[in-house]
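Data first, discussion second: the structure below is written as structure tokens.
Note that the chains take the letters A, B, C, D, E, F, G and H in the order they are written out, and that residue 1 is the start of every chain.
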Amino acid sequence: MYLREILKKFKNGEIGVHEAEKLLKLNAVKEIEELAVIDVSREKRVNKPEVIFAKPKKWRHLKKIILETIKVKKHLIVSGLGRDKAEEIMKEIHKPYLSSFFEEAEILVIKHGDFKVEKRGKVGVLAAGTADIKAAEEARVVAEEMGCETIKKYDVGLSSFFRLLSALKEMVKEGVHVIVAAAGMEGALPSVVASLVDVPVIGLPTSVGYGFRGKGEAALSTMLQSCSLGVAVVNIDNGVNAGVIAALIARK
Amino acid sequence: MYLREILKKFKNGEIGVHEAEKLLKLNAVKEIEELAVIDVSREKRVNKPEVIFAKPKKWRHLKKIILETIKVKKHLIVSGLGRDKAEEIMKEIHKPYLSSFFEEAEILVIKHGDFKVEKRGKVGVLAAGTADIKAAEEARVVAEEMGCETIKKYDVGLSSFFRLLSALKEMVKEGVHVIVAAAGMEGALPSVVASLVDVPVIGLPTSVGYGFRGKGEAALSTMLQSCSLGVAVVNIDNGVNAGVIAALIARK
Amino acid sequence: MYLREILKKFKNGEIGVHEAEKLLKLNAVKEIEELAVIDVSREKRVNKPEVIFAKPKKWRHLKKIILETIKVKKHLIVSGLGRDKAEEIMKEIHKPYLSSFFEEAEILVIKHGDFKVEKRGKVGVLAAGTADIKAAEEARVVAEEMGCETIKKYDVGLSSFFRLLSALKEMVKEGVHVIVAAAGMEGALPSVVASLVDVPVIGLPTSVGYGFRGKGEAALSTMLQSCSLGVAVVNIDNGVNAGVIAALIARK
Amino acid sequence: MYLREILKKFKNGEIGVHEAEKLLKLNAVKEIEELAVIDVSREKRVNKPEVIFAKPKKWRHLKKIILETIKVKKHLIVSGLGRDKAEEIMKEIHKPYLSSFFEEAEILVIKHGDFKVEKRGKVGVLAAGTADIKAAEEARVVAEEMGCETIKKYDVGLSSFFRLLSALKEMVKEGVHVIVAAAGMEGALPSVVASLVDVPVIGLPTSVGYGFRGKGEAALSTMLQSCSLGVAVVNIDNGVNAGVIAALIARK
Amino acid sequence: MYLREILKKFKNGEIGVHEAEKLLKLNAVKEIEELAVIDVSREKRVNKPEVIFAKPKKWRHLKKIILETIKVKKHLIVSGLGRDKAEEIMKEIHKPYLSSFFEEAEILVIKHGDFKVEKRGKVGVLAAGTADIKAAEEARVVAEEMGCETIKKYDVGLSSFFRLLSALKEMVKEGVHVIVAAAGMEGALPSVVASLVDVPVIGLPTSVGYGFRGKGEAALSTMLQSCSLGVAVVNIDNGVNAGVIAALIARK
Amino acid sequence: MYLREILKKFKNGEIGVHEAEKLLKLNAVKEIEELAVIDVSREKRVNKPEVIFAKPKKWRHLKKIILETIKVKKHLIVSGLGRDKAEEIMKEIHKPYLSSFFEEAEILVIKHGDFKVEKRGKVGVLAAGTADIKAAEEARVVAEEMGCETIKKYDVGLSSFFRLLSALKEMVKEGVHVIVAAAGMEGALPSVVASLVDVPVIGLPTSVGYGFRGKGEAALSTMLQSCSLGVAVVNIDNGVNAGVIAALIARK
Amino acid sequence: MYLREILKKFKNGEIGVHEAEKLLKLNAVKEIEELAVIDVSREKRVNKPEVIFAKPKKWRHLKKIILETIKVKKHLIVSGLGRDKAEEIMKEIHKPYLSSFFEEAEILVIKHGDFKVEKRGKVGVLAAGTADIKAAEEARVVAEEMGCETIKKYDVGLSSFFRLLSALKEMVKEGVHVIVAAAGMEGALPSVVASLVDVPVIGLPTSVGYGFRGKGEAALSTMLQSCSLGVAVVNIDNGVNAGVIAALIARK
Amino acid sequence: MYLREILKKFKNGEIGVHEAEKLLKLNAVKEIEELAVIDVSREKRVNKPEVIFAKPKKWRHLKKIILETIKVKKHLIVSGLGRDKAEEIMKEIHKPYLSSFFEEAEILVIKHGDFKVEKRGKVGVLAAGTADIKAAEEARVVAEEMGCETIKKYDVGLSSFFRLLSALKEMVKEGVHVIVAAAGMEGALPSVVASLVDVPVIGLPTSVGYGFRGKGEAALSTMLQSCSLGVAVVNIDNGVNAGVIAALIARK
């Protein structure tokens, strides 16, 4: 290791105090990086997953990035990826790497055979309508990949209030540590949920809805203006981030 | 009557065909106006009330407008008026005119002693929080003044869902013809109400709430994006208009 | 019925008081739902129609949802559906179910042979320009399907003011209970209408218009800021909701 | 005159060709300015008035600017000025200067005794409501000061449509060359006017109206989205500019 | 004529006074419309042109509307029309109707052989950049069709200031009555023009520009906030309206 | 208890099956409420605190609400309250109630002498600048009141990056379960924090900043668009909600 | 030269003083233009490059403009151009003109063989993520074309903070005069950079990011609200302008 | 120095390699900070000034911060400070500290007697109107304080174009390295300037202007959408930042 080498050379008189000082300074950037890692990440820490957002990338770029990333990572999540492209990539994944595609979430997961995620807590995932399922599934798959157990209840928006009540009762009974609530249009689901339960609620606005403040804008403002305490919000359609936060909260 | 006079003069040869034609044309504006009135307003029609919005008017202008209006109207609603100014005006109202001030609604009503409003149906009025009561009361007082019976239930927002459910049950039992639901912040009340009842719901967003899309903007978009069918919306804080629409809907 | 069964079993001593209490509690969600239905909906109540918005759904999902819904519903409205897909679905609808497609409204209606809608009142439907007809027709078809009689007058915007006046006279003569006014661009139609008639006006902004606050935004704000009392508004292009509200208002 | 002097000196041999060239170049900025003036302004041209917007200026600055401007201008319009400050300035205006204050318009006009404005055409000025009068008067006073004859009709908004029709008939009969239409809230007045007359209409949105797109924003978008051809728009509350444009249009 | 017929029949005793009154009232809508026309439009009045905006209309609808309109109008402007569709329509236009297509403006004009437009004044048309030419040409063609003489100067934006100055000098020399200035991006052209000339300037913002407040929004606000007096604005890309207003201003 | 009473009366034959059914239905609302409570809240559950937002309330209303609330609650948080009013209320709080005022947070806490909050985990609270301290303190006080231990580090924005790094190291060493990061202006703090730590980060945008997207709007969008996974956001200035969420996350 | 000719003719008596004056005035526009050029541009001045933005132009127009421009310019930058079209144009470029295409930047450069750019200073170019590279490269190529030496470091966003620190150290060591920092999503990169270095930073927001204030809007507001002094901003995706400014700053 | 001490102790055997390593790591944060300083700041580097924005701070806080800052800084700029408060602070500044107040800029500067700023280049400062002077002066004072020579020309907006041209000629003649152009309302000044000169232009939008996109929003978008290359922009009213950037650009 570099730091120790400098110290040794200095001790041995190979380099003087000025030289040692200079070398230490010049490498401080690298040092601080390692230091941060050492300090911050204890043995049992949960790494945030390595996520690549496929949509804005060109096909040849994307493919190359994925294949190079798995050389240094044992666990990779590729989001925003259609089945066709996912299958093309999966053909290039060989043992000891394994890949699986989650169609509703449009997520491809690639894992090294000996990768083992640390077990985390329970995450409830709700979707107000059918059109909100993609975002909800994105959150759910990411939370599962980070070691959580998940319970999902979809199509439980305001227009089917009693189904929602029943879903919440089951989630509370199961002891979820956090609930992700995906909703577009008026986006009132997270507020209603937070008025009924005592776990943190992650509001996930989706780009469902047209006309005035459509595309998730109304949903976002509803969630931020919620009168119910206990709702925090992520960006419109950002199911991946909702899943990460939920998993971070659902520590064992 | 003018039209008949022209016809008579023409018949009698006092005026020629050109003159008659010209006179008829020149008075057509007045005619069409009267005609419209005749056609549109039957015997038992409900007039929309005469409403003066006091806030943007200068004091001396306001006073003059009010005093002149009651010379030609038997029923006048002045909205957006504080107690002090209301009392000053009330001093100038003499028999056979009567005045009454509604403090929560900040509305002054002036009526001729022989004014009789035609009875209309039942209007339910809800307010999500304490801060929404002013707008709700505005709607309630206006609906009452237009001949409606009203039932009010305040402080029934999402955070007290079961109180809302109970309020709605009572309103349905009473047979309200329409419900006005005032709400600021996230503004989800009208959606929830419309998901539970079968009468038309008038969403009344209020300028309660701060930060992102505060001042009623979030509430407005929530109501317009509502997944529940049966919600129509008025402008932020426009309780007067909500009251008028509710009364027009609540015909007997 | 479940509630009675529990009571019976309890009476018969099959279950104890604790068990009865627990069962009653566990089923309360279901109970309250039924109760709400019982309380809220009298014998002759008009149900809001079952509406499926086709546009955001994938074709295979949409088809499946429609076919499964008619198993439990005798009357289904599918909005936002082009002729081609509508015809494909209509092929799968067999007796005793009947289907009909409304081209201008892009609405498919599926009804069980013995479905009978309760008769409701009269709804006037106005469209300012040719481009506003789709939204207006959406409202008209939905109102008709909910049992209303409708009178439509299209192409009656501000630029043809006298045609509008004549249309309104006819509607008033016919005794409409409510008027839906669809308008894009400047969206002044509902204000003008409300200044001339005494029935409630539902403003239906349409996404017609380009440039500054185009796509219905200008129309929406015009309607909300209307100086004429008696206009309530729905979301841009939401003809279905306008139709539902109009029908709820137009009770017999 | 400078240009001629250079030419003379050059002719006389006082300066050489290089010097002449240099002098001409160095003064070209001044020259072009004068040239522009010469070319652009014929004998009978109407200068746009000198207008000072008082509101954003500090009192001592404002006073100084006004007093210095009248040293070089024979006609000065100060807008956005309350009565108190206007009177204080008027005390400092002495013969041959004359000052007059227009209270509704909040405009102070200062003129040299021998100032004579060239006569221009006729301008119609409409205000939808009482609260729009200030902006309308601003336009009217400015147009008058620029030599126009003006006809004003206030309180002729949509809610009093027939009064508007009558006002327009009078204006058309009087042969106005342009109509300024001031309106806040929904701002539909200019569209309606343009659908009825054939002269250019200047839409003047005012900051009247609250809630969604209040403060003139709804009025502005209405006017820009107008279906009626022939409406051009100025900034919210910019009555001065509306008056200037109207006067420029109303040439004799 | 109907009015005279009623009068005659009444005079002749064919109908009584009540019948005459009723007939006159029932026809008042039609009458007032004619009356308006009579009063408003003197002999030499300039009609606003009949304009059909092709873009939002379905092909079969558009074709039908055009062919039916020329049955009752001798002069028709179809805007927003590509060459292909224009040619298809032109094939169906037969003598005595003549059609001509303006490619840059994407405007088709159809005229009856004996249609004669009344001569009007001069309109200057400026475009800041190449991308603004379409909107400018739309204005120019419409103004020409309304009887104006037009002078156009394109590519005279801020980055070629001296070319602009020269263009303005020519326009002023030619005695234009009004200048239409089309500009996208920052949209400063109309302000600059109005600071240099004394004729009214119609600001025509175009949807050129990307990023923040692109698509004409920045240009629009620049024009509305112009410090130069004498600029009025139309909606983004609304060259047709700019042309109409310019022609109305440029009366002879 | 009511449910049991009905059952008993039914068993005893005091009421029939119909009566029992009816009584059970009529009380179902109350039942479901209790049921929800029973199911949802286990023995050791953490109640969200009772919070009253003082700002929008009138003084006499506020005072009354506070005094009445402590009759039924043992722990009350009043936010948005200045020192003067807080002291006036504190005078009215008598044993066994105790009150304390947190000046920076502008929060008044009233507790019954025997109130004991359950201990929860550790919450880190960061403020980017001095002006963000109020919102941060609001979060901190609320989290403390909910039983959390808190560590605060203020003035650690981007311009003092190394101070931030050191603060984070301490927080990680202390084992915080969640970090609340308050920031106005550009609002980049939460993103930076989340890029360095593995605990959930609650972004708390504050209304600091002027000009374009000032008042917290820029900060909000920065936090929602964060490239770092693990940031969830609350409304601008909503420190109370940030504190509640943090406490819910920081379970022991 | 024209000016001298007039002077000569005047001296020679070929023209009189009036004629001379008139000629001088009539040509003043041209004069002032030349004068400006003479005064403003010294011998060694750096011309801003001739840039054509290809995207909004039609293919045939674009080709013609390019080919005509190189007749009068020795150096031309065409931005926003795909490889296919670039190659088609390159076929038409013949000696002594040379062309080169920069794929990542989508820029085509055409130069006359004897064109020599004056050497300028050093520009650092940073891109936060892969998707920001296009805008960054646009800036880099333009700066290079203007004579700068550039150092680029891409993929150095907040999530890889230490890589950024190292990149900045290198740039500072190299003595860059200015840094262009391209970033989408939250756009915090320029703020962070400016907090660490002492050279001016040009913030280049990119249209990367979705949902709330996506498409570069969040990035733009972050950069404008930056707490770090020393950041100035260009329009979203306007890499060309960023490159020009950077080159103007990086004078030798 | 700490680093050297560790090395010494390690050399001396006082601490082992593990201990040395640990100590070095634990102090790396501090190290890297110093390192950055060492690397980044050469001998002759210009520090960005220490600026305190007074407006949002409470009086007692502000006073304390200022007095404590001058203990560690020899040069302090306090912006956004009125004369009254400035004078109160100036009373507390004693030798060797000197203070001076810039009234137009509302800036207080406090300097240690032996503070010497390094000389930098020339900065031109323009203000479009009187109301823009405050922001312009803020920039000018800051640039002066950072060692620049400044040339100011105020009241040179579009409406006085030729004055602007003359001002620019002077600035170019003086050899300014950068121009700060402050403008509110339409904000076209920086574009016009950049179309005429070859130095970088810093656009400084000011919150002057009312109505649509008033308060500097129109000016900001104009500057970002500028067709002239070479304009970079700072936040609305942020004269301090404009001054800092200008000074950083104007290196000698």
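By definition in this document, a contact is a pair of C-beta atoms (placed from the backbone, for glycine too) under 8 Å apart; a residue touches a chain by one contact, two chains touch by 3 or more.
Treat the numbers as computed from the prediction; the structure is a model and nothing was measured.
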item	value
Shortest chain-hopping distance from subunit E out to subunit H	1
Far-end chain from subunit A, centres as C-alpha averages	D
C-alpha-based rotation, subunit B on subunit F, 0 to 180 degrees, nearest 5	90
Separation of subunit C from subunit H, taking each centre as the mean of its C-alpha atoms, in whole Å	60
Geometric centre distance via CA averages, subunit G-subunit C, whole Å	56
Distance between chain centroids, defined by C-alpha means - subunit B, subunit C (Å)	25
Inter-chain centre distance, subunit C versus subunit D - centres from mean C-alpha coordinates, in Å	51
Contacts with 2+ other chains: residues of subunit A	29, 32, 36, 165, 169, 196, 211-212, 217, 220, 224-226, 235-236
Every chain pair meeting the contact rule	A-B, A-C, A-F, A-G, A-H, B-C, B-D, B-E, B-F, C-D, C-E, C-F, D-E, D-G, D-H, E-G, E-H, F-G, F-H, G-H
Residue ranges of subunit H touching subunit A (in the complex, touch as defined)	3-4, 7-8, 10-11, 17, 20-21, 24-25, 28-29, 31-32, 34-35, 38
Residue numbers on subunit A that touch subunit B, as the complex places them	128-129, 157-159, 161, 185-188, 191-192, 195-196, 209, 211-214, 217-219, 221-228
Partner subunit E, residues of subunit C touching it in the complex	130-131, 162, 165-166, 169, 208, 210-212
Complex interface listing, subunit E residues touching subunit C	29-30, 32-33, 56-57, 61, 65, 205, 207, 216-217, 220, 235-238
Footprint of subunit A on subunit F - complex, ascending	32, 36, 39-41, 45-49, 51, 165, 168-169, 172-173, 177-178, 196-200, 202, 220, 224-226, 229-236, 240-242, 244-245, 248-249, 251
